[in-house]
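Multiple structures follow.
Okay, so subunit A shows up in both of these, paired with subunit B first and subunit C after.
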Partner chain A sequence: MTASSTLRAVLKQPSGVVGVALVVAHVTMALVAPMIVPHNPTLQSAGAILQAPSWTHPFGTDRLGRDLLSRALLGGREAMLIATLSTVAAMLWGAMLGLFVALQGGRTDAYVMRIVDAMVSIPWVLMVMIFVAALGVGARALIPVLGFSYGLSVVYIARAAALDFVARDFVLAAQARGERRVTILWREILPNVRDTLAVQGAMQWSWILLGISSLSFLGLGVAPPAPDWGLMIADGRGIMQAAPWTVLWPMAMLSSLIVGVNLAADAIAKALGVDRTFGVAAP
Partner chain B sequence: MPRKIAGRLAAAWITLVVIAVVVFVGVELMPGDACTAHLGRDAARAEMLTACRDRMGLDRPPVERFALWAADLAHGDLGVSMKRERPILGIVGPRARNTLILAGAAALAGVPLAILLGFLCGLRREGPFDIVTSTVALVAMTMPEFVVASLLILIFAIWLGWSTGVVTAAYDAPALTLLLATPLPAITLALVYIAHILRMVRSSVIDTVGADFVLMARMKGVPERRIVLRHILPNAILPSISLIGLTLAWLLSGVVIVESVFNYPGIGRLAVNAVADRDLPLIQAIALLFGLFYVLTTLVSDLVAMALNPRLRSLRG
Partner chain C sequence: MRLLSVAGLTLARAAGPVGRPVVVDAGVVLGPAQTLGIAGESGCGKSTLLLALMGIVKPGLRVAAGQVWLDGTDILSAPAEDQRRLRGPVVALVPQSAALSLTPTMRIGAQLAEALAVHGRLAPAARPARVQDLLARVRLPDPARIGHRYPHELSGGQMQRVAIAMALACKPRLLLLDEPTSGLDASTQSGILDLLDTLRRETGMAMVCVSHDIGVLARLTARIAVMYAGRIVEDRPVGAFLRHPAHPYARALLASVPRIAALVLPLSIPGRPPAPGSVEQGCAFVPRCVRSGADCVTVPAFRDVASGGRVACHAPDEGPLILPAARTGATGAVRGDGVLIVRDLMVRYGKAGPLARLVGRPAPPAVVDGVSFTLAKGEILGRVGESGSGKSTILRAVAGLWPRSAGVVTLAGSGELAAQTVQRDRRALQRVQVVFQNPDASLNPRQSVREILAQPLRLYFNATPAEVERQGRDLLADVRLDPSYLDGRPGQLSGGERQRVALARAFAARPDVILCDEVTSALDVSVQASVLSLIRALCRTRGTACLFVAHDLAVVAALCDRVAVLHMGRIAEEGPATLICTAPRHAYTRSLIEIAQRNAAFGEDPEPLPS
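On to the complex of A and B.
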């Protein structure tokens, strides 16, 4: 299926339209927000703390008097950038290893998958926390860490998808011709599992985004005072009672983006005829 | 059948051993060690670093340290916390109990509800009930736990005043006190579980409804009630059981977040504190414990699936 016909099939579904619209709106906003935000997102103003939404501050202000509209509009940029780079890393190493062990089979496959099984059994939050404890906090440290830990589930998906093809005649024929393994993976197997991997990539992006926000919320992700939705929610949680707007806006922004990505991924999966998995890959 | 169970037990044991190796090697591969992490800026002072390494036995070769660590583990000795300077077992034990209370409450309330809802959705596929429930489930499974938790606190604790927002019970409080503090954290955890399991059961039911044997039963004139309860239900639930175990284990990450948000004195919040303290031996022990919990959950669900499956029961070997 070509890209444009896939897009058409996605937009035929109501949930696909909503999902794609939400994602496009968020990405556009992330790109243009620095040019249009009304206030400096990190500028503190002692005279304007915890103001309810008004004309000067449509979303209100937080406990340091910072404008919440500006912070809410900018709050997804860093997380989205880290999520994108981590997703690329996760898909690259996960897919390569998964496809390779599927083609190789035998002992290599068994040993590698046992190790992957063991690593999967440690919750990702904990795995990330082990790395953060040793390496220190920071966006640059997060990308390899998230890319690695989320890539584990890609290994399962890629391997399972490739297993359907490794025993087919065209792969056997390529092996009989004496093609190199890299060529077989690239030319014979990859085109067949492309759709599955594309859907998986979209899902990974939303999971990683969720992961970064959770880490920021715990104080292990994006560092303050940068505007970030997870940080903003953590920041406003103690004063929710007096100023619920401090948490409601970032919640709405984060949720709409994540729900949008999931709806879009669901619609893409349906359009491509891929069985959407939940990240729970049966070993 | 006995041989199958033995095989499954052996596989669980091997996974545990591999987890121990992975945790050890993972910490080993990172720059620095427990002492540099613990001392932080003080690590530059050579005599403090040497003294600490000497005390922890870090000056020995890695293989020897792994052997010692593993031998201690086999005796149930998890080592000593850097920060608290107490045996880890005593720190981790009561908090593991608290986490089990929370996760247990969430699973006991959530899993049957999820199976029921998924079953109803699958039977009336694309009906109004299914569309509404499935959409809510999609939103519930995509919302981050910390957002759901904060929202629940805002609605139920602050606006309605039905319960307290955060848990104030100490880690060694009696089990009943903790159980009474669990509703909001358990609901937060359960929402995600329910959504995942519901979707799995739903698609399993849809597959079963379209199976030949259901069509056959209909053609024979079997009453609809009997078709649903005797033909569809067991065949749809069975394949989901091991997946349910896997989902529960997979979603353990949520425990870390939920406990931190609600200030619940369990193992997840301990993990966050251990990271803040850069207490590597404690983190190692917690990672291992999570691994153990994962292995046990998947093991139990696989065994339950085996026990309930007549095809596996009748097999010899």
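On to the complex of A and C.
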């Protein structure tokens, strides 16, 4: 299936249209926001603390008098960038290892997978805390940890998807020809599991984004005073009842993006004929 | 009184563009205790028609016209409850694959008792005795106890017997059989056919049997209907049909069946059947027909044939069936220098673990034991045996895909071959190529034919894209496919075309030895004939030696110069094909030949074997 025919099949489904529209809107916003924001997102204003939405501040201001519209528009940029890089890392190593052990089978498969099982049992928040303690908050600590821990679930999925094909005769035929293992993985197996991995990548991205926002909320993710949805929610949590707009906008932004990615991924899965129940939940 | 009467039955696709229906204008009349066989190749609509006879329309299809009257009821329009009442006591089905139709988690006795309970005819207390009686009727060993077994504890033939017992549970007056012996070994198949014949005589039930194998129908039924592209094209008494088939398709189909008595390559039918869903314009067989004329733009009506039955053709041929002359004497086999020499090959599945060795448990038995043979340059060596005889294991061990426990495989010019492909050098790999049984599985569905053919060319000859393009075209021409197929994917090709692509891929490596593992067993008989002649032509023109493994002695004997018969992992007998088939020495070979003769006893009378 070509990219354009896949897109057409995605846009035939109502949920696909909504999902793709939400994702496109968010990505566009993240790209153009620095050029259109009305105020400096980190500029504190003692005279404009906790203002309700008005014409000057359409989304209101927070407890330091910062403009919430500007902060909400910019608040996804860093998290989305980190999520993208972490997803690429997770998919690369997870898929490579998963496909490799599936083809290798036997003892290699058994040993590697038991190690992966053991790794999965370590809570990833604990790993983040260790890395943050060593490297400080921000992308430098988050990308390796998230890329590693989310990559573990990719190993399972890539392996399971590839196992369907390693026993087929075309892989045996390639072995009989004497093809190298890399060639077999790249030419024979990868094209068959590509769709499953693509859908899985989209899901991973949304889980990682949610993970980053949770970390920022806990003070382990994006460093203040940078605008970030997770940070903004943490910031407004205590005054939520007096000034609900402080948490409302970042929550709306974050959830619309996550819902959008999930709807789009579901529609892509349906268009490609990938079984989405296959995907395991986030660690 | 008619038991079954089908008139003008047309089953069309429920959705999608209007095209050729799956079954067109089918008419069948069957009285009590009569038998009918429906023959045809895959996709001709025979199984769809069979299921419609018991009121089942396959999902995605609808009844466009016609009725099926079963015991006075129009079963296709009858309410579900009436249909249900007819199934069991009036009509019963033995489905295609017994292994799939039995519930794996239920003991077979319990499954049979359930079949008895559905119609509530028998008191629960009387059921065990009846189950035992049924198991005895289908000649299962130890009927008193075998009912306690699970389906996986039975052999393929035994499962088929259980499926037959289940269909017989309510004493049907009409038994429908869908490919009752496909997937079974020749001797098992023979036993099932004998059983069905005996049961029919004992019970006096009528029978409709669908099979791609005319030999099966010839043994089981008194009449044969041939289907092509959804239509019944010929409906004849079996004797008249086998001697004087009238429809050009039926004649070509019979000529494409390999016969053990002839030892020559059967004739193939050029072209391919119309694509499903294409629009019907006149007789569907015209593009492949040798007798087509101006009349054939209209759909032919049935006409009577002098020797009995009727045929739907504008220009039927009523002469006797002309078959290729039998091969006689020496085969002209090339007995040059040996190119592949196998000595004392032994293969075990698995090995005893350290613990098992410690307690002195013996190693698992050998599947292949002490097998030696020499393949000469340009020679086609056949290897025939039933399932479990180790024939495919030998091939895989030679190819380096299965570790051998003992023995030496030597390739002239490359020395001794390592046990595994990963230990072999590129030159040795290039000189031995494998073609697998099922092209659906051996071709990657995500690759185009160009990519498939490019792999050996790149791997062994570092071919550039331009060379791949040029050689790919040449290879397709060699296997008689159009160059436009280079851009196709396996899913767009027919089964026969896929196997041609697989052959082209193997020959792309310019091998000295080609190993063919049951390469025609997944194909229709007319397609099989064309693939066999293609293999012969490719090997002869290129001087490639071929090891051809198959379960069907008639196929092996037709293609090969020499034949080795495998029995329980050992070579029972080996010699020139003509000699093996006319003067077998081993009792096992003799039994294989007798079965093959009985299964394909048409066109001429089998000559008795000299004893």
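Before moving on, here are some points about what is shown:
The rule is short, and it goes like this: the second predicted complex is superposed on the first by the 273 of 283 C-alpha atoms of A that agree within 3 Å, B and C clash if a C-alpha of one lies under 4 Å from a C-alpha of the other, contacts with A are read in each partner's own complex, and residues count from 1 in each chain.
Keep in mind that, in the parts below, contacts are C-beta pairs under 8 Å (C-beta built on N, C-alpha and C of every residue); 3 or more make two chains touch, one makes a residue touch a chain.
Remember, predicted model here, so these are calculated numbers, not experimental data.
Looking at the shared chain after the overlay, A:124 reaches subunit B, while subunit C stays out of its contact range. In the superposition on chain A, no contact is made by A:4 with either subunit B or subunit C.
Counting the residues of subunit A that each partner touches, subunit B and subunit C differ, and the larger count belongs to B.
Within the superposed three-chain model, A:233 lies in touch with subunit B and out of touch with subunit C [touch as defined at top]. Of the two partner chains placed around the shared chain by superposition, subunit B is the only one that A:135 touches, whereas subunit C remains out of contact. Of the two partner chains placed around the shared chain by superposition, subunit B is the only one that A:218 touches, whereas subunit C remains out of contact.
No residue of subunit A lies at the contact with subunit B in one complex and also at the contact with subunit C in the other. Touching subunit A in their complex are the following residues of subunit B: 14-15, 18-19, 21-23, 26-27, 30-32, 37, 138-139, 141-147, 150-151, 153-154, 158, 196, 199-200, 242-243, 246-247, 249-250, 252-253, 255-257, 260-261, 271-272, 274-276, 278-280, 283-284, 286-287, 290-291, 294-295. Subunit A meets subunit B in the complex at residues 114-115, 117-119, 121-127, 129-135, 206, 210, 213-214, 217-220, 230, 233-234, 237, 240-241, 244, 247, 251, 254-255, 258-259, 261-263, 266, 278-280, 282. On the subunit C side of its complex with subunit A, the touching residues are 399-401, 421-422, 424, 426, 429-430, 433-434, 436-438, 441-447, 451, 455-456, 459, 505, 509.
Residue ranges on subunit A touching subunit C, taken from their complex, read 168-170, 172-179, 183, 187-188, 191-192.
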